[in-house]
Amino acid sequence: MAIGQQGAGGRIHVQRAAAVATVLLDHPGRMNAITVSMWRELAQAFAALSADADLRCIVVRGAGGHFAAGADIREFPQVRFDPEGAQAYHRQTIAPALQAIARCPHPVLAVIEGVCVGGGLEIASVCDLRLAANDARFGAPINRLGFPMAPDEMRGLLALAGRAVTLEILLEGRVFDAQEALSKGLLTRIVEVAELESEQAATVARLCAGAPQAARWNKHMATRLGAGKPPLTDAELQACFAYASGPDHQEGVRAFLEGRPPVFKGE
Amino acid sequence: MAIGQQGAGGRIHVQRAAAVATVLLDHPGRMNAITVSMWRELAQAFAALSADADLRCIVVRGAGGHFAAGADIREFPQVRFDPEGAQAYHRQTIAPALQAIARCPHPVLAVIEGVCVGGGLEIASVCDLRLAANDARFGAPINRLGFPMAPDEMRGLLALAGRAVTLEILLEGRVFDAQEALSKGLLTRIVEVAELESEQAATVARLCAGAPQAARWNKHMATRLGAGKPPLTDAELQACFAYASGPDHQEGVRAFLEGRPPVFKGE
Amino acid sequence: MAIGQQGAGGRIHVQRAAAVATVLLDHPGRMNAITVSMWRELAQAFAALSADADLRCIVVRGAGGHFAAGADIREFPQVRFDPEGAQAYHRQTIAPALQAIARCPHPVLAVIEGVCVGGGLEIASVCDLRLAANDARFGAPINRLGFPMAPDEMRGLLALAGRAVTLEILLEGRVFDAQEALSKGLLTRIVEVAELESEQAATVARLCAGAPQAARWNKHMATRLGAGKPPLTDAELQACFAYASGPDHQEGVRAFLEGRPPVFKGE
């Protein structure tokens, strides 16, 4: 399945294999620089995938050996060289795409090789897990482009890596390697390039081995319990435990006690 | 001193040596899997210890070479296979035990060897420091049991390790080693197995060498200044500095200026 | 330029070279222990530097091979041995100095060698980046001085390193090395002692290579989006994108597209 039109040469491809979807950033010859049409396709793709209750996992990758080089700067003089254009670009194009990923109920795994900078790093930051090849490169060198990171884009980076790392990245504008990205808390794990496919497969298998509703509740609750959020209401707390009479919970516990692998129906 | 009854074969033991108490999780042959009665004993133990103003430090350990394998799943079909039972189990049994540890005014050190998963990791997360042997193993593989982590249990993990690490642990359900747990921010430090006793003793000595009231204020204020909390009132700020005319503060400063170790009375 | 009087033998020196200012903590023979007059000079220095729109970067360093050994404890019996004195010292002397650094709109780089403990660590914590020589030493061993860290001082440490690291530092009172400080998230990076000057120069060059207004917006927004803060208003969001018609943004994008370095005017 491919979504939308060709845009300015870049596209978002969505592939589906059993309960796993792969969202592919693809802009040939441009290290998957993300065009306005690609940001829109990305938002549409995640809206559709989020609504698919049969899914257990989504992988986000780039085509051709790179994750993404960021927003496509060649479009900037046309689309965002005045305040109205910049607002439309960041608030109505990029922010909805990042939010669609961040709010996806299914586990989302970014698999990163090559360049992962600017908008590419922003996309990776709102995924749940980030697996990278050890030759990947990271950063957001937009201080040399003369503008700050937009608030709705900075949010994901702040939530993932904290204020000090976010400001280091933005104030210095360095591009750095995967080992440093891991030590800064930007990555879940790194592997040798040759092991990227097998580690992706193993991670997907682990994500799919769990009960789907449990994963969705964990994602929901990790957001809901964020600092500064209001206390849980009693109704919310009660809803947290409705699973107890459901088949997946009872299957999971019984399988454990019987020493066999569980079979979850996603209910 | 042993608290409560034998429960389902597991107990919480509390030992006291001078100003240091040790809380021992003990469920022989079950890697200290924590039963309903053990959760209750744990809450009672910490309530009593918190009220003891002569204490300077509490160590939490497991018996028999393990910290704890988590909640005792054998009890689940009996006690939490419907929403009411699950609520009672998590909100009225586990949450009060974790809260009793989290709110303890004295420094609390978890000393971890062997298995530290699920409820064991939840207990460790609400202690102040976590010292682990380098062969300890960590995780919360409950996605295969078919249910999400309860909100009051996830809070401690989120506060310690952040959203990304918490979700990685819950969505993948991997069990991982002490080095990885350290790099994820789950541990204060790790040592060789052979050095666990001596490092525990050294850490306890450091915790006991400080002024007791200063430690309690530091714990209180680190919580009070958490993100999203209301600003300190002027009355609260004034209370922060009441120590200045007290004997421990004056002893500490004078001992420093005289080049001798301070002797604190805990006032 | 030197600010204020000699104080109790210590001073804050401010040097300016092109768009870079250096704030030097200097208390000879006392490892730059910070006196009441130095805290006040520090607040004044940062107030003046913050108002200087031509600046692109501020470096904070200590003289004579150390960053700072903390507040000058020799003054304590005179100035803070009762609650009123302690309040005045912490709320009216130290807190304004730390706040003046934390609120500085320009990028602030702490360059750390030798001792960086207590008040020295507090100063470093509110800078944006922390570069350290690998033989620097860190900690806040005030538990042996008999008093807790003041709330406005703990804030910076909590924001930088989180609750667990902050409490470990305060409850144990250990002094630890630069590698451990890095792994705890207290530092941006460490280098060999022999490379400290060249890495400072390289870092300053990177900070100065970006558009000044972009850096200030990034700093402002990273604070504004902190956990528990109210949502951005539409007026705030609009203000975020006013840069788009400005010369630095357009220069940055055009320079990128033309493959040349940008020349920013700071507008």
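First chain written, first letter: the chains are A, B and C, and each begins at residue 1.
Everything below uses one rule, namely that a residue touches a chain if its C-beta (ideal position, glycine included) is under 8 Å from a C-beta of that chain, and two chains touch if they have at least 3 such contacts.
What you see is a predicted model, and the numbers here were worked out from it, not measured in a lab.
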Target subunit C, source subunit B, minimum contact steps: 1
Are the two sides of the subunit A and subunit C contact the same residues or different ones, given that same means over half of the numbers occur on both copies? different
Roughly how far is subunit A from subunit C, centre to centre by C-alpha average, rounded to an integer in Å? 33
For subunit C, give me the residues that contact two or more of the other chains. 226-228
Interface with subunit A, subunit C side, in the complex: residues 107, 128-129, 159-160, 185, 188, 203, 206-207, 209-211, 213-215, 217-219, 221-229, 232, 237-238, 240-246, 248-257, 261-262, 264
Residues of subunit A touching subunit C in the complex: 73-74, 76-77, 80-83, 85-87, 90-91, 142-151, 154-155, 158, 162-164, 166-168, 170-174, 226-228
